[in-house]
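Scroll down for the structure; my scribbles are underneath it.
Lettered A, B, C, D and E in written order, each chain numbered from 1.
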Amino acid sequence: MTKRKLNLKDKIRRPFKSIQKVGKAPGTVTYMGLRKDGTYKVSVTDYADDFYQAETLAKVEDAFKFRDTDTVSWINVQGLSNEAEIEKLGKYYNINPLVLEDLVNTNQRPKVDEYDDYVFCVLKMLYLDDNYKLITEHVALILTEHAVLLFQEVEDDVFKGVRERLANKFGRIRTRGADYLFFALIDAIIDQYFVILEELTNQTELLEERVYNNPEQEIASNIQALRKEVLAIRRNVFPVREISNRLVKTDHRLFHPETKLFLSDVNDHSIQIHETIEMLREMSMSLMEMYMSNVSNKMNEVMKVLTIMASIFIPLTFIAGIYGMNFDYMPELHNKYSYFIVLGIMFLILVLMLVYFKRKKWL
Amino acid sequence: MTKRKLNLKDKIRRPFKSIQKVGKAPGTVTYMGLRKDGTYKVSVTDYADDFYQAETLAKVEDAFKFRDTDTVSWINVQGLSNEAEIEKLGKYYNINPLVLEDLVNTNQRPKVDEYDDYVFCVLKMLYLDDNYKLITEHVALILTEHAVLLFQEVEDDVFKGVRERLANKFGRIRTRGADYLFFALIDAIIDQYFVILEELTNQTELLEERVYNNPEQEIASNIQALRKEVLAIRRNVFPVREISNRLVKTDHRLFHPETKLFLSDVNDHSIQIHETIEMLREMSMSLMEMYMSNVSNKMNEVMKVLTIMASIFIPLTFIAGIYGMNFDYMPELHNKYSYFIVLGIMFLILVLMLVYFKRKKWL
Amino acid sequence: MTKRKLNLKDKIRRPFKSIQKVGKAPGTVTYMGLRKDGTYKVSVTDYADDFYQAETLAKVEDAFKFRDTDTVSWINVQGLSNEAEIEKLGKYYNINPLVLEDLVNTNQRPKVDEYDDYVFCVLKMLYLDDNYKLITEHVALILTEHAVLLFQEVEDDVFKGVRERLANKFGRIRTRGADYLFFALIDAIIDQYFVILEELTNQTELLEERVYNNPEQEIASNIQALRKEVLAIRRNVFPVREISNRLVKTDHRLFHPETKLFLSDVNDHSIQIHETIEMLREMSMSLMEMYMSNVSNKMNEVMKVLTIMASIFIPLTFIAGIYGMNFDYMPELHNKYSYFIVLGIMFLILVLMLVYFKRKKWL
Amino acid sequence: MTKRKLNLKDKIRRPFKSIQKVGKAPGTVTYMGLRKDGTYKVSVTDYADDFYQAETLAKVEDAFKFRDTDTVSWINVQGLSNEAEIEKLGKYYNINPLVLEDLVNTNQRPKVDEYDDYVFCVLKMLYLDDNYKLITEHVALILTEHAVLLFQEVEDDVFKGVRERLANKFGRIRTRGADYLFFALIDAIIDQYFVILEELTNQTELLEERVYNNPEQEIASNIQALRKEVLAIRRNVFPVREISNRLVKTDHRLFHPETKLFLSDVNDHSIQIHETIEMLREMSMSLMEMYMSNVSNKMNEVMKVLTIMASIFIPLTFIAGIYGMNFDYMPELHNKYSYFIVLGIMFLILVLMLVYFKRKKWL
Amino acid sequence: MTKRKLNLKDKIRRPFKSIQKVGKAPGTVTYMGLRKDGTYKVSVTDYADDFYQAETLAKVEDAFKFRDTDTVSWINVQGLSNEAEIEKLGKYYNINPLVLEDLVNTNQRPKVDEYDDYVFCVLKMLYLDDNYKLITEHVALILTEHAVLLFQEVEDDVFKGVRERLANKFGRIRTRGADYLFFALIDAIIDQYFVILEELTNQTELLEERVYNNPEQEIASNIQALRKEVLAIRRNVFPVREISNRLVKTDHRLFHPETKLFLSDVNDHSIQIHETIEMLREMSMSLMEMYMSNVSNKMNEVMKVLTIMASIFIPLTFIAGIYGMNFDYMPELHNKYSYFIVLGIMFLILVLMLVYFKRKKWL
């Protein structure tokens, strides 16, 4: 378990930055994200059982030829801000403009849509950046007859495993069709969620330890930040359950019956993720309760110290005060042993008090 | 993020002002709102792919001619208090009187009703007025064969975007039918919700900052006011999900298959809004918890100061009290160094106490 | 908004007073209510489009003749404790004895039952009595071919509006059949709920104001009483949603298609009522939280006063105590300016303390 | 309302005492309860419209003859620990061994099972014993063509009402078949729930009063005990809703259409019970909140007394301390009126303090 | 009730240790658990009505012969880390590789999958180890025509009862087919849950007692740990309800109608377990509330002691302070009885104070 501290963001994650789009015509292919430099990179991994080729393409048009070949092609577009090029690619692959709009809309909620000739899927990729901060990235996949088109904002190593399996012919991936690739890519994204949840669980455990040991005000903020993070992840991850559920039941012609067995695996995972997130939420609520109970206990402790000190010394001070009075006629003052008797009484009171507090279990 | 403060209303938003209508016969077309001056304004935007005309009409009867033309007409009625004129228009367009009743009933819950020859939809428009106060306005739309009739209480710029797209032939709007206009107007209203939610999220963040820095009593009221506001919006916005869900599944003859694709977009948005509102609700609850935990912590701090002061000085005062007693025979009093020894002991107690509190981490 | 205070009852409203019936045979027509004097009043409003007659009948048998006339008859029975007379009426109208049992069972949960020749509906009427106390009354309606039989415990003005519309031929009511009258009466009862909810909302607002201004213990009781009242109303009003939902979908031959349009109106209202009650519940919980937060804040304030007073004067008293000691050799005592120097030091400590508390924002 | 105190048990009611059965073969007819003496009592009430006979049988075999007679027979077996005899009876009546197993399993969850020739129903009987303690008893019913077999652990007067109606020919019971008797017995059990709920409501009200008047620690325990009791009852009573729901929809040949009307009555009741339990749960939570708010208020009160006392007398004591100092040169000491001036100042401070606290509403 | 303390683990139970698998190809048979030594043990219990044989096999291949015999065979594989051998067995029995993957995946969520020729079921076995710590073990079962293959990580005595019934011909087990064995094994696992829930209930009761008697900080941690344990069990046990529900409804050819009756028994149990876990959750929440209320009460008690001591002695000390002042002219000082009068007044104040606190019920 890494003890490195997750970078809990203070800001609420906005789900509705599509505010920039308010008033625009629907169906306009407009990139919604933050990486607006217009650059993009297209690479293709083309393979069959006995054939494998991976290359970076100079321009989008180079990807056209893969539409109709019998080999399976994974066309990977990184960078979504150049809408024109994406539209070009989409048009050639007969993708509906509305789909293209959702494709570049980085605020699009995860979903899967089945069309006659292709299946469109939007997911959120979660990963930790170098500063250990949680990053949410928009990913869109299109499954066609012989190809999978994958659109992402940044180049990420989430798909490294898939690439290796393709290159090295690990497992079944090379012998199967585009639908299996489609499944494998979705599976890779969802696998990553487990890493994040693992991390959040670690954080929860760390916070738990700190709550027990030292309930500072700062911890309350951390618990709330954790809770916000869990809420934010939930928004991105929950729709995955609907998606996987739908994929399991689909009878779209592009999915082979064998691939569906694997899809039910994705479904299993998404249920597990769902349950984990719910558990983390309960944990964070229970942590807050724990924190509040510790604060109350600390207060109790403080109050006990005060009460003990005051209860012991206030009466003693009173007795001292009595014999500090200046009345002319105070017979005790003149007795030789009075002083020691009074000291003795004071000591007795002290002892009685201590016994009393001991029995009350305050000491 | 604007730092301007949202005008949080103290009053609970009443959902049932239709109390004015208690006892009246159902089917009576009675305006329920507050703008009862009886004035109204009818304007028409008439267009086809190659034709565009926008005009303000002198009287309701001028809008009759648009019923049967092949062009698409957007008949916009602003001001709902002149029931007679609205009935006139409704009768000509063959609208059921019960529909007209709901149309002017500003307390009508958002809904969509499909009739043989038209589709009727009620929505709530949310916007911020000049005082940054949240305003809820009643909007009713009727989709007929060639026209969309839109009824609203005030003239608002929510539809400015649609108007511009019509006038300037942006996007697909001019090439499509009345059903697309119907969708575009609903979309414009829902888009506005995102602006409001953005604002509420800003407010939540501001409150969050203040809770952390300075938990005054006033903040608790603000959190509760925010929560009330969220509840109020929820009432108006939640039914939208049902509406959009219904529109997606409709097979009413007035909707072209292509338009339905766009309706599923509205559905996506309403799910997103739904989720955001739920998140805001959770945030506000979590803020309140945070606030309470801060109040407890402040209390703890106060108590610690008291306990430290009392625990140090009460015993010292007691010692001083002892040597202030007036017994005749107190041997210590007569020793030359007694005073300094006692001062030394006091200082020692002070230091021990400070060490004790330091180790308890109260200092 | 009336400032008059709702008479919040302290007792939990019992839903199960049918305890009196434990052990009795089912199907026995036994009145369950509190008005057991056996008196009753039967009145009939008989009307058609061009005919209207309202009369009070001497005995139940006088109502028999209305069963088969073509005019619509509203037979109103007030007082349910004379079971024999009600059975007589029921038998003539071919009502099942089990239905009659539910009819006089004032603990019957609201419901609607469709039989071959009639429709039976139980509702709860809510209104405020002269002492501003919330009263729940049992109402039962039977719709037959040409008549509506309405049974109630007390004579109430809830139906005044319907009566006036009938007498004065307002709206459509005179031109339509018994099913429309059935709907209009149910509508009148449900309309009354809005008045009650309005009142409860007023009370909630009043309590809210008081919570902000002066969180006395009494307010907590009031909030809880309000919550109980809301729970009690919910019990009576929630089933209405099922009822209206069922009426909307009914295909009973007694309902004309046109009347169903109106029934969907009732459905709309019951959804609105449902939502309002849920909102009131959330409000009352939020009020309680608010109250608790105010109590904590008051405590904080009290503690600050104590801490400030004690922190300032306890050290000063200690200093005074030192120079009150009676040691023979205390050099400071004999300096001419010592007293003033000590007073100065005390003043300095006072000022420093005040500055300290000022900076802590406790002052 | 009886003021007698419900005997709230401290132990959690175990739902899974079937732990004794872990590892045993399913289908073994093993009694699970606590009354293991092996004694049992069989009695039969045999009746038709014009015939009635009640007798206690010497042995189980005497009950065999009632299987095929045309009269309706209620065979009542009290005492479930003699499994052999019960198996004998079951075999003769063609009851599946698995059903017999559930029949004597006192931990069996309430349920209804329909078999070809009989209907099997398990319920829990709730009643208060002489110590006012809530007892849950297992009851099983089997409806066959001409008989109802009822199995119970103890003899109870829950069915007294049914017996009286049979003996005295009250109501319809004698004219109807075994299915009606089956319904009447279930109805009798469910009626008893209302008595228990009535009692729990009384307890809730009593606790409520005590919370308001005197929030002692003990009350918190009582509230929690009440809550546990409500939870325990819920476990036994909730399945009844499923059962009644199922019976209403059954098309088993043993149920006459007329009896189904009565079954829907049972359904009504079980919904009412369900709602009442939910209400009691909400009440107990609200009581706990109320209690906590009262505890906080008491604390506030305590703190105010302390603060007032300390704030008034600590400064005064300080002043007294000043003039108790032994400096040689303290000019005030020698003025004739100093003492009275100082007393006056002290009095002034006292008055000012009292005014201050008065205005803060702490007095 | 054993008073031995359940070993509540401090760590959150991770549901997603499959993190080790991130990036691997789906369908790879990889053991996920912690017992990776590669050892395994295969034993077979082969039986028919009149035949019984139990033996430990030397190698996996020895189990092949049982596939097609008419006797029922229970092939028990203990140790899942030798994937190769398991694949060998699986291949011979025609099990899909994906099923084998789930079989050795110790993180697999409980589920049941029906294939043409076999039924696959994953469950979690719960038991307490020697340190009284809760252990969760992965168990997988495959039902084929004539055999049940059971895969488990450790050898456990959960199935001892089944083994004994087989060996000694107790009950029906020997006369029935493999489907009955399949049911009996699942039943044995689920029976074990009752033992665990019994234990957790004991722990809850112990905690409850301690909360009442002595609310130390440690108890809060224990309550939270209990809650976590309940949450962890819930994750493993809840899916069982889906499984049993599905088995009840299955029409897979491998299940005889008679066995289905028994499966509905499993269903009953899983509902009971579900309810118990929910109850434990509510109990733990209610315990935490109870704990917090006790903490508040203790605080109240502490504050009362402080307030009583301070309120009594601070005024008295003040009076003593007055007569300790050194004014030249203080007439009271010189009166012979002044001292005794002042002592009397002090005593009077003391008595009045005590009466006051008595009446406030603070003493």
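Everything below uses one rule, namely that a residue touches a chain if its C-beta (ideal position, glycine included) is under 8 Å from a C-beta of that chain, and two chains touch if they have at least 3 such contacts.
What you see is a predicted model, and the numbers here were worked out from it, not measured in a lab.
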item	value
Chain D against chain C, contact positions shared by both copies (same if over half, else different)	different
Intercentroid distance (Cα basis), chain E paired with chain D, Å	27
Distance from the mean Cα position of chain D to that of chain A, given in whole angstrom	43
Touching two or more other chains - residue numbers and ranges from chain C	292, 296, 299, 303, 306, 310, 314, 317, 321, 324-326, 330
Chain-level touch network, classified as line, ring, star, complete or other	ring
Traversal of the chain ring from chain B via chain C	B, C, D, E, A
Complex contact set, residues of chain E against chain A	10-12, 14-16, 18-19, 21-28, 96, 98, 107-109, 111, 214, 217, 220-221, 224, 227-228, 231, 235, 288, 291-292, 295-296, 298-299, 302-303, 305-306, 309-310, 313-314, 316-317, 320-321, 323-326, 330, 332-339, 342-343
List of chain D residues in touch with chain C within their complex	160-161, 165, 170-173, 183-184, 187-188, 191-192, 194-195, 197-198, 201, 204-205, 208, 212, 261-262, 265, 268, 271-273, 275-276, 279, 282-283, 286, 289-290, 292-294, 296-297, 299-300, 303-304, 306-307, 310-311, 314-315, 317-318, 321-322, 324-330, 361-362
